[in-house]
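Both complexes shown next keep subunit A, but they swap its partner, so subunit B is in the first and subunit C is in the second.
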Partner chain A sequence: MSLRRYAVRRLAIGAVQVLAVVTVVFLLVQALPGDAAVALAGDNPDPRRIGEIRAAMGLDRPALDRFGSWLWGLAHGDLGVSLVSGRPVVAFLLDGLGPTLVLAVLALVLLVPLSVLLGVVAALREGGVVDRITTAITVGLHSIPEFALAVVLIALFGVHLRWLPPTAVGADLLAQPAVLVLPLVVLLARPVCSISRLVRAGMIDALASDHVRHARRLGIGAQRIRFAHALPNALAPAVQQVARTTDWLLGGVIVVEAVFVVPGLGTILVDAVAARDLPVVQGLAVVFAVTTVLVNLVADLIGFRLAPRSVAIA
Partner chain B sequence: MRGVGALLVTVPLLLALAGPWFVPDDRTRGGPFMPNSWLGTDFVGRDVWHQVLAGGRTVVLVALLATLLSYLVGVPWGVVAAMSRPRVVDDLLMRPLDLLLAVPSLLVLILTATIAGPGLPVLVGVVTLVNFPDVARIFRGAALEIAGRPALEAMRLQGESWWRTSIVYPGRSMVRTLAADSGVRLTGALYLVASASFLGVGVPPDAADWAVMVDRNRVGLFLQPWAVVVPAVLIVALSVGLNLVFDRALRAEARS
Partner chain C sequence: MHTRRHFLGLTAGLSLAALAGCGTTGAAPAASAPKAGGRLRAAFAGGGAKEVLDPHLANLFVEAARSKALFDKLADLGPDVSAQPRLAERWEPDATLTRWRITLRQAAFHDGRPVRAEDVLASYARILDPNRAFRAKSSLALVDLANSRAVDERTVEFALERPFIEFPNALAAFGAYIVPAGAEDFAAPVGSGPFRFVSFEPGKSVLLKKNPDYWEGAPHLDELEFVIANEESARANALLGGQVQYAHDLTPTTARSHTGSDRMAIHRSPNSAVQAFAMKLDRPPFDDRDLREAMFLLADRPQLVESVLAGSGQVANDLFGKGYQYYADDIPQRARDLDKAKFLIRKAGAEGLTVKLDTSTAAAGMVEAATVFADQAKGSGLTIEVVTGNKDSYWADTLKNGSLSSFRSGAMPIETHIAQRLLSDAGTNVTKWSRPEFDDLYRRAVSTVDGAERGGLYAEMQRSLHAEGGYLMWGFADWIVGASPNVGGISTAPANTLDWARFDKVWLG
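And then the complex of A and B:
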């Protein structure tokens, strides 16, 4: 199968996947107890008032009807308006996308070189002191809950030593890079561990493989063997994990945003679910599903480029 | 290095499991965030040390229960999908799970927990829901691999009973998959339970729970850092320690 046909087929499957995810989320939000009308009517709800708000918002129409018109709008690039504030959903998403993108891009820019470097260094000194120490650290930090690490770091560097601002509340992320340091460290802690371990394992395998041994017999220099012949093969498995991480970062990292008070997509999601703001939740689901599909597609294409035979069968 | 993992696990685990027995019955409340006792008081004036003693059990038990339940649901799910003769069953069972895996897990978690309301059973259920698709996928793969082994073919040709070829041999082979997977699964569940409780999913806002303590006492970080740092460090220690212990066990197993 050629690369282009593969990409087209994957895009088609991806469109179906987006539709399915959106349907699931619609059904889940339908099942939420109470709706935006109840949430809007306040603490002391009057049934008649709730009925009026419902009729005004179109919540009294059958669910299928509403889902249909919502899909119709989606086909035209219209995600509807927020039930709570009346603002277009697209405006919400654009607001949240800024901070989320800043964090995601910076995290990725640091993540890839750092984890590849750690993995390669550990692999080249397999069994050595450096390898044992990095392995212990990466194994240990592998599934550490972000909020716990975050508050320990905030207490130490933000409160006790006063080196860094404890939260990003009200700050312009790009104008004050200091507020980004702690969130980035917390965001990187888990992915660096998982990816550097994959790179290490891949590199050890690649260095022991037949083609590398053959390259050695041909008298090719050690550096060239390591970086031109072994490394690309070692990276192929790690690409999938980088894709998952990218997906996670773009999905609005709810916990990190909550701890550091960053107004990204994750914060918008939590607020929208609390307010039963169905159109906003739906819009976010579309964004999450589309990024998942696209990120995985790009990862597969990169994987194909790095190690053609590994993807060709799929 | 050898003892570090074990030590990191033992301290929080002992506190979590035995702690609730050492909490005195008559607890007086003081002012919020006061440094008057060993670890001071929390956001509503409760003694932080008592809260620490009382708050670990839910985190640990919910993570354990959710892991157990993920296997109880996920393993049969995957094995049935792999072994079923009409291949349609396989698609019917596995396709919906692909979908569940494509939705961000915290989105599933927040939505389902809001639907079902608070309560520890809900938290167990939601973490299971997020975890079991992965279990099903792994065990489907393992079952497919085992079904294709020459050893099984040979057993069939020798006329071994259905019980031995379909239950005993695959079961014994899958124990290894289970052992390799359980560490990752348990630490993953611990991560999800703690993160969910921190976000206020499935637990009452004043619960005695390490993750809830971290969230609620954050406002007093400048006044009374112990109320936040102690439970956070305990969660970190438990997570790091579990990872180290399981990794060591796994590597020892791989060597033998």
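And then the complex of A and C:
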């Protein structure tokens, strides 16, 4: 099968997957206790008022009917409006996408070179001092959950030493880049560890592989063997992990957004679920599902380019 | 009003632990005399991108604070939670208490138009629209709009469907703001309040500037910015890091560890939120008066206040509204009496019974209080089993289901508390207290002109609630706000009242 036909087929499967995700999300939110009217009424749950809110929101229509008209809208590129505020769902997504994209793109721009460099250096000095130190640090860092690292960094660098702003509250992220430093460190900590470990392992395997040994016998220079022959093969497994990380970052890392007050997609999701604002939750589900499908497709294609044999195209 | 749950409750504690080693000591310098100018940034928990600036839709604390900065009500609640005139200069009922003549103050909207009787009627008509569900609707439901009229530009005459001496409480109801007649688009709201609208980014910030022509005098601040930080730890950190000068709704733990700090001044508003357990009277086991009394006697209130509120509060006496107008201060304070409780449990035939206590994280401290209370009941013969439910639907769930649940409430007049929760036909009667003679006392109280006589009727209602009611009210929590030490003019009036979040009275020293 050609690469192009493969891509088209994957996209078709992806569309089905998105539809499935959206349906499951709809059913799950329906299964949660309470609806948007109950959530909005809050500590003033007068049944009369809940009934009025429900009617005003159109929640008195059957669930299937609402889902059907939402799907019909989706087919026309219309994600509907928020039950609670009446704002278009697209406006919510655009609000949240900005901060999430800024964090995700910057994290990836730093992540890939940093982890490849660390992995390669460790592999070339396998068992040496540098390798042992990076291994100890990366394994250690990897075991710290994001929120714990965030809390410690904020307390130390944000509050005690006052070197960096402790939160991004009310800030324009690009105009005040200092607010991005601590969130980026937290976002990078674990992926750098896992990806550099994968690159290291891949590099060690590649350097010991038949074709590299063959290249050595042919008298090709050491640098060229390392970077033109061994490295591409070493990167193939790491690409899958980068894809997973990208997907994680584009979903809006809820913990990091909450602790640092970055109003991205994760925050919007938490608020929308708490408010049972179904159209917003479904809109986010579409975005997350589409991102996952696309990121994984791109990763497979890159992996195929890097090391054609390592990806089984069925 | 919603209190946002802190879903990362752990982070606050960890952050404090990390800070404990580097805390500074020394008292905060007192803010200087009032000074004009500057921008104050205030951090509140928010509702995300679904937030609105329509004051009639206000639901969250941040929406209430913003509405108050941009708009006025005819009345608002004073320090004793009784109605004080605001846009209304004065009010006079007729002898039947069913017609109220309200004289408006000379005030203007931000676009220069005067606030007229017509605007008041249009605002109330909008709130009462049968096709909508605004929060103030139930409070204003007794207004007979068809028979109310504008006497002249600055005089409104309201017709009521029944005699109601506490009508000013309705004028002060949550969300009963006066907007210009015909206003429907609140993208750039125009009100009569102390601040004018500049810009709004939902879920992130609202910027306002001072209204130099405000009827009560211009604010000290030039600009006021509301920013959203849902996590309590983030609000505290933003304040400590100098990113905001006011952090709303901090936990007692944060307050305790920063008392005396030179980076954060703690402001406590006593009697802001009552903490309670609600027993349902219409079903077993708490349809038995003896068992309810046993529960009252099982609670170790000082221990609950110390452990759950970290000392930021006072014990309660199973009655709502300590320090508020009409509060029955003369009823003796209940204390724990395990022996008598055991006796009453045996007498009620409830020995060996296990009762489920429904709770959730819908409000801060509820789960903790339920756990402590369950512990206090050990050895009494009655077992309390704590069940944690879903926070988003908690209030609606516990209104219908179960027999015992955690409860909390913000400030409101005692009359409103009774009308909403303790009459036979009340919309949120969680204890299912339904007594014709009590309903009758209430009706007499709200149609009694003489203040002393009315006070006597409120006292009688409270005596019967104290003796036989379903609310085990164990504490009044302080409302806690953190501010930079150079911020002056922060009032300690209960949350939800006029002087709470009153940024036109605040200055940067």
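FYI, the second predicted complex is superposed on the first by the 309 of 314 C-alpha atoms of A that agree within 3 Å, B and C clash if a C-alpha of one lies under 4 Å from a C-alpha of the other, contacts with A are read in each partner's own complex, and residues count from 1 in each chain.
Assume a residue touches a chain if its C-beta (ideal position, glycine included) is under 8 Å from a C-beta of that chain, and two chains touch if they have at least 3 such contacts.
No experiment lies behind these values; they were computed from the predicted model shown.
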Fill in: Clash-or-fit label for the pair subunit B, subunit C on subunit A
clash
Discussion item. Quick check for you: in the superposed arrangement, does A:Val152 touch first (subunit B), second (subunit C), both or neither?
Written reply: both
Worksheet item: Touch check for A:Val298: first (subunit B), second (subunit C), both, or neither?
Response: neither
Worksheet item: Once the shared chain is lined up, is A:Ala91 touching subunit B (first), subunit C (second), both, or neither of them?
Response: second
Discussion item. Is A:Ala20 touching anything from subunit B or subunit C once the two structures are fitted on A? First, second, both or neither.
Written reply: first
Response to the item:
In this superposition, the partner of subunit A with more touched residues, subunit B or subunit C, is C
Worksheet item: Between subunit B (first) and subunit C (second), which, if any, makes contact with A:Pro263: first, second, both or neither?
Response: second
Worksheet item: With the two structures laid over each other on chain A, which partner does A:Leu124 touch: subunit B (first), subunit C (second), both, or neither?
Response: neither
Discussion item. For A:Val169 in the superposed arrangement: first (subunit B), second (subunit C), both or neither?
Written reply: second
Discussion item. Applying the document's definition of touch, where does A:Phe288 land relative to subunit B and subunit C: first, second, both, or neither?
Written reply: first
Item to complete: Scan A:Leu74 for contacts with subunit B and subunit C and give back first, second, both or neither.
Response: neither
Item to complete: From the options 4-12, 40-48, 76-84 or 130-138, pick the one stretch of subunit B whose C-alpha atoms clash with subunit C.
Response: 40-48
Fill in: subunit B/subunit C common contact set on subunit A
32-33, 147-148, 151-152, 154-155, 159-160, 166, 255, 258-259, 270, 274
Response to the item:
subunit A contacts subunit B in the complex at 17, 20-21, 24-25, 28-29, 31-33, 132, 136, 139-149, 151-152, 154-155, 159-160, 166, 247-248, 251, 254-255, 258-259, 266, 269-270, 273-274, 281, 284-285, 288-289, 292-293
Response to the item:
Given the complex, residues on subunit A that touch subunit C span 32-34, 38-50, 52-53, 55-56, 82, 84-85, 87, 91-92, 95-96, 147-148, 150-152, 154-156, 158-160, 162, 165-167, 169-171, 255, 258-261, 263, 267-268, 270-272, 274-277, 280
Worksheet item: Mind pulling up the subunit C residues that touch subunit A in the complex?
Response: 1-2, 7-8, 10-11, 14-15, 18-19, 22, 41, 43, 47-52, 59, 131-133, 135, 137-138, 201-205, 225, 227-231, 233-235, 237-238, 240-244, 362-363, 389-393, 395-397, 399, 408-409, 420, 427-428
Discussion item. If we count contacts the way the header does, which residues on subunit B are in touch with subunit A in the complex?
Written reply: 1, 4-5, 99-100, 102-104, 106-108, 110-112, 114-115, 117, 184, 187-188, 190-191, 194-195, 198-199, 211, 214-215, 218, 221-222, 225, 228-229, 232-233, 235-236, 239-241, 243-244, 247
